[in-house]
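In what comes next, chain A is part of two complexes: it sits with chain B in the first one and with chain C in the second one.
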Partner chain A sequence: MKLPTLVCPYNRALLEGIDRHDIVVRVEQLPDITRAAHDIRSSGKNLIDVVIEVDQPLSDIPIQEDWHGIPIALFTPEMGRFRDIAHQVPRIRDLRMHVYLPAENPENLTACRILSSLGITCCLVFGTAEPDWTALSDLMAYAVFGPVPHAPIEPFGYIARQYSPDAYTLWGSVYYDEPGEFLHLDGDGRVALSSAALLSGSYIADHIPPASEPLDTEDYRQGITAWRHLFLADHPCRACEGWRICMGRFGAQGRHAPGCSRFAADMLTEVEQYRTENKTEPLQEDLS
Partner chain B sequence: MANLLLTTRCVRSCPYCFARNEMAQSPQSDTVSWENIIYLADFLVRSGEHHIALLGGEPTLHPHFVDIVLYLLERGFHITVFTSGVMSDERLEDVADHVTRIPPDRIQFVCNLNDPEQTPAPEGELRRVEAFLTALGPWTTPGFNIYRTDFSLDFIFHNITRFGMQGLLRIGLASPISQQENLYIKSEDMKNVIDRLYSYRALFEKLHVKPNLDCGFPLCYFSDEQLGWFFRMSGGANFGCGPAIDIKPNMDVYSCFPLSGIHKRSLFEFDSLQDVAAFYIDLHDRIRQDFPGVFAQCATCTYRHDGRCSGGGVCHLLRDAAHETPNPCMSL
Partner chain C sequence: MKTVIFKATDRCNSNCVYCHAIRKNNPVPTMPFDILEQFFIKANAFLTQWPEETLKIIWHGGEPLILKPEYYYQALGYKETICRDTGSRISFDMQSNLTLFSREYVDVLKKMGIQSFGTSFYLLPGVRGSGGTEGSDRYNRQFIRATSLLEEEGFSWGIIYVVTKLALENPLELFRILTNFVPSASVMFNPVTFYPEKPGQVAITPEEFVDFLGAIFPQWWRKRDRYPGVDPFSSLVENLINGNRSLICIDSGRCADTHLSISPDGMVWQCGRSSDWGLMSYGSIMDFSLTDIMNHPQKDLMRKRNAILQEGECKGCRFWDICHGGCPLDALAEHGSLLHKSPWCWTKKGFIEKYFEPVTGVTYQPSSGQAQAQQTLRGETITIPEFESRPPAPPAGECSTEESPWIGPINRIDDVLMISGILQQLVEENPSRRFNLVNKASYRELLEGHPAISSIGRPPQGTVPLCLDYGDSTGPTCPARAYQAIADLLGLATPAEERLCVPWQFEDDPVLRGLIPWRARNILICPAAESQRARMDVQKWEDLVKRLVADGFGVMQIASIRHPHIRGACGIRGLSSLKQIISFTRNFDLIITSHNLFMHAAQLHGIPAIVLWGPSDHTFYGYEGHYHLQGPRACHHAQGCLVHNQTESPCPMADEHCMDLIEVDTIHQTALEAARSHAAQTRTSPEPGIMEGAAWQDFSRD
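Here is the complex of A and B:
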């Protein structure tokens, strides 16, 4: 059985106590990207990604040569003006960097298209605010059926690749936030099922058990099937035609709306078409 | 090559403007979106096309003009910008700051120059054109549209020398448009135009400026001596007529401004630039079946038959035909 990947802060003592799990490490400062990657790799652990959230636009970030070869998930509020990033495009393209942008800002949908068309992988982050669902549908169609090669736009690329009519598509993986596949640790090693649970202090364990002992608490079992509660609670998502591909990811945040439902249904249609066409060329590499 | 209209707004009102019909029908807010820029870039890449022309209106009026240029360069395109050179000081500073870092073989401006004496401009316009040429002369080729037979080229040669512009002069014949009146060169005046153009040969040679004839010049109106000179100076000459592929901000497409009212389509209907060109070549061919050329002798002309001359521009043919048959395009 594959061990869940651990998402944890950059804390040497904490990291030293982890055995055999793959690691996604959260850093606070840009210089820590290189340090964290070096520490994790030199200890023999498998580094999945270095996650950093910044509050300045991508165009203001001084891209470093020594980030080369390090998988980086950069959460930024916006791309900035293209003129301010144009000179950095070749350097960013050569990195293993994924740029995460909030979906509720319409300019970020355009930014995703620009960056993707230039070979830079990007990913939309859905918060609590309502995005422009129509523009999002257009972007999703571009991501899945764009006429010329371009970098992935997540989560659409992941969904198109992973979709199966016989299984749920757990696209929280692109955010390292899928209960069952990822566990989130705080600086003291306490374990939460999701980033939201971590923020609210809802822990399922005080520490990660040894790799030989699976985490099998009642909280854990309930957490990884939390989506079932939407049916029990008679939530509007229960009857949504896009359920199979959304699984309440939008609606469960109190945002279920006609636009959301239509978007999810469109997405389902698109990925089924993609699957039917049985494209042989890889749409994009898997984020993980 | 595809011509993309970044905006339909323009800062000038030239008396010969052959885009005014189309521009007048476009909303003032008509500027191309990033989504359509990317769509077109993908479309051209898929078509194997790596050159794009940006025009308007005045393309530098687009609020993201510099960003669009930098984006298209990053996509690997070579860019030609057709401009009046008239822009605010702030915009000029912005454009120059970025473009002067780009080699002239990646981006080139064609600045459409009007004779300040024959085509008077509002106060301040000339100063802005000079400011543009001062900043970007080495990136710029002059363009001149002939709309009267007593035209002068002296001011252009003066500008080429003064501003270090590229040694190529793009010479166009002002074309007629339907539905509105504009000043243009009538078929019967073309011989005079060619003779007058040829009278400037000493200046062309002295300043090493290549004459580059735009579409619509009829081959038979050039003497052998004139033809020889044009070929020696420029390495060739164009006696054809498009079709130029003009794409509006909303991705409507037509085959050059004067014909914008005929068979306008959407780029979204086509799979490649070759498909668009084939569509409009077919349209031109059908027009020429009924109207072979601007002169009666075009119908039996060897040059036209062999494809070395188009018998003038299609826009002239339709203009002439309209006098005989109201709306001659309806049957196409």
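Here is the complex of A and C:
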């Protein structure tokens, strides 16, 4: 069985204690991107991504040359003014960077389209507030069916590639938040099943067990089956036509929102059509 | 291929409301290794004898995962050692509730080649689990845990959803929930079936099941590529549109050749449900080979069923080749005979006509022509018993006139002959008088062709059929007799002549006649009754039969196959249709019966009858001219605990059960007297005798 990928803070002592797991490292400062990548790779571990959340728009971030070759997941509140980012586009395209933007800001839907058309992979993040479902639906259609070559717009591209009527479409991986596939550690090595659980202090273990003893505690089992328990409650999501695409993620933190059901149902139809048409050209992973 | 439903255990960690298996109280709850070994010995012999055959063994129960992995390693070991040369033709599958699945099973299951599981699941509380909401909540959580583990270990699973009355409220929502919940969206909807009781709070009718499916089907059809694994829809598309003739067991008409089941004690049965219901057994695996079992006479009867139905109840049905009269076990459970179509016929035919064809726009046309009256089976030509010609049956289904009221459903089969007689009198009064009858398999054949009945089927939505439950017999305003009460409900002026009739000619099956060891004088005993409270103890019957046989009478027992056999009597259970048996009763000199349909049959033929009464009142139901033996009531039910309502609970009076207070000696003496009287007279009714327990009045006749 594949070991889960660990999402952990940039803490040398913590990282040294990790064995055989793939790593997603969270850094707090932009200069730590290079340092963290170097430390992890030089220790022989497999680096999946360096994750950083910033408060400033993408346009204000100084893109560094030594970020080249480092997989970076940049969480930023907005793209910023295009005139400010225009001169950075070629450098960003040279990076292995995915830009994460909050979906509830309508301007970010436009930003995703722009960035994608410029060859920059972007990803929408669904939070507590509702997005503009109509605009989102349009963006989704563009992401899946747009005839002009463009970089992926996640999570739509991921969903379209992964969807199968024979299995669940688990796309939390786009945000390193798929229980069972990712485990989140705090600075002390305590283990949570998601970033939200980590923030709230809902730990399932005090430390990661050795790789030969996979985590299989009752808390772990409860956590990775949490979404299934929704079916035992009288929850509106369980009968939603779009469930198999949404899996409870499009609604605000799993709460059913009025527009999300229609959106998810439409997306499911679009993804099925995509699958039926059997596009031979994959959605372009990276135009850089 | 032979499918063996392998019930290695009847034990289960759950207590689902609709399950029969765990209520069997099998003295051998888990198959011991000697029987398990013997099975593989017989399997090897069978596969050696028939090189083209394969065996698919479906582990079942009870709950198969209540057995530890060691049990399955043992089974695997037997397969590998005993079936060294034939084991490649043995495959395994499993039907499990999954709640006991853990990683310790993974190795042996994979070695057995099991890659997927059939399971059942129920979202509503209190249906599956140990009982109540708490039990089902715990059960569901275990189920979720197990399925998650299962998927991690690379197994797949699909759901058989048993549709009960509880599920009828919102079918489409249920469909969405289930297809969202199961990773492959693989869901099969089956109606819940019960035997012998049908708990009202859970059981459904064929009509309800059809409408349940119909509420889902349009949505499924629009998105059928999304849900390729939903049955019965996907299979019907295959059969009706794509021309695929692969059919599940209940529709194949071939289950006699394809299915077996084995229970923990080594008994071999026709199938899993027949094992649970205690019907259709073929003997022990310890005593017989699989070839012997496949050649069992009862399987021969099953093979004849196709031809009989094609010329009878299913004649002309365009769905014959995808249905074959449905499950023979369901026919047996409903009618006491295999030689009927399933009472669930409407679930296929009705669904296709009402929903499938209109929604898809496809009208199914069978590829084969009219069925043949004779067929060749393994080189033998089988002659089908001739059926008496009868007037053409009125068209079934919803072809009713607006003026004709709907009757039914008739809940007591005992009432059918009275209803027939009343309807006859109504149509004699007014030849244009017509009724429609709500279809029910138990009585359809008895009333089909009645001149007063326009159609037998399902009333249009919104119609309120005439209810023939005639309520409490007490009270000054209530009719004093059941016949009069029904007459009143149907609009026949009372007091009415208590005439019985049937709209068909009596028929005798020469095969059945040939089976009976006739004597100079013959008595038919009918110990069965719809309520167990109306039944006398089996031992008392056996005592009576012993005495009658010693007196030189031939004694025959009629009952459905689910009722116990009375030793000493020649049993003809389950070998004939209801019409045949009613016809057959006229060949007897005397009928001794509990209060049931055969009391009425005796009256129909003018045959003397001794009727045993206890929890119901002979003055209300019984006929003048019969001998009525009334057991004294020690309980507080002065009028009898049944009145008009059947109850399935046993009598709480134990040794003071009224039926068991009737003395065998009394019955015997009455029988001798009745037989003497019948021999001395033409068929005129003797003076009635009313007797209570040990204190009986002597009577004499002119």
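The definition used in the following text is that the second predicted complex is superposed on the first by the 278 of 288 C-alpha atoms of A that agree within 3 Å, B and C clash if a C-alpha of one lies under 4 Å from a C-alpha of the other, contacts with A are read in each partner's own complex, and residues count from 1 in each chain.
Just so we're on the same page, a contact is a pair of C-beta atoms (placed from the backbone, for glycine too) under 8 Å apart; a residue touches a chain by one contact, two chains touch by 3 or more.
On a predicted model such as this, the values are computed, not experimentally measured, just so you know.
S.K.: Here chain A is shared; do chain B and chain C fit on it together or clash?
M.R.: Because the two structures are overlaid on the shared chain, the partners are seen to fit without clashing.
S.K.: After the superposition on A, what does A:Phe82 contact: first (chain B), second (chain C), both or neither?
M.R.: Touch partner of A:Phe82: chain B, not chain C.
S.K.: Can you tell me whether chain B or chain C touches more residues on chain A?
M.R.: C
S.K.: Can you report the vertex angle at chain A, computed from the C-alpha centres of the three chains with chain B and chain C as the arms, to the nearest 10 degrees?
M.R.: 110
S.K.: Quick check on the superposed pair: does A:Glu241 touch chain B, chain C, both, or neither? Answer first, second, both or neither.
M.R.: Only chain C; A:Glu241 stays clear of chain B.
S.K.: Quick one: is A:Ala13 in contact with chain B, with chain C, with both, or with neither? Answer first, second, both or neither.
M.R.: After superposing on A, A:Ala13 lies clear of both chain B and chain C.
S.K.: With the superposition applied, I'd like the minimum CA-CA separation between chain B and chain C in Å.
M.R.: 27
S.K.: In the complex formed with chain B, which residues of chain A make contact?
M.R.: By the definition above, chain A touches chain B via 81-83, 86, 89, 110, 113-114, 117-118, 138, 142, 146-148, 150.
S.K.: Spell out the part of chain B that touches chain A in their complex, as residue ranges.
M.R.: 34-35, 38, 41-43, 45-46, 64, 66-67, 70-71, 73-75, 98
S.K.: What part of chain C is in contact with chain A in the complex they form?
M.R.: Touch residues, chain C against chain A: 123, 137, 140-141, 144-145, 147-149, 152, 173, 176-177, 179-181, 183-185, 225-228.
S.K.: Under the definition above, what is the set of chain A residues touching chain C in their complex?
M.R.: For chain A paired with chain C, touching residues are 1, 165-168, 180, 221, 224-225, 228-229, 231-232, 238-241, 243-244, 268, 272, 276.
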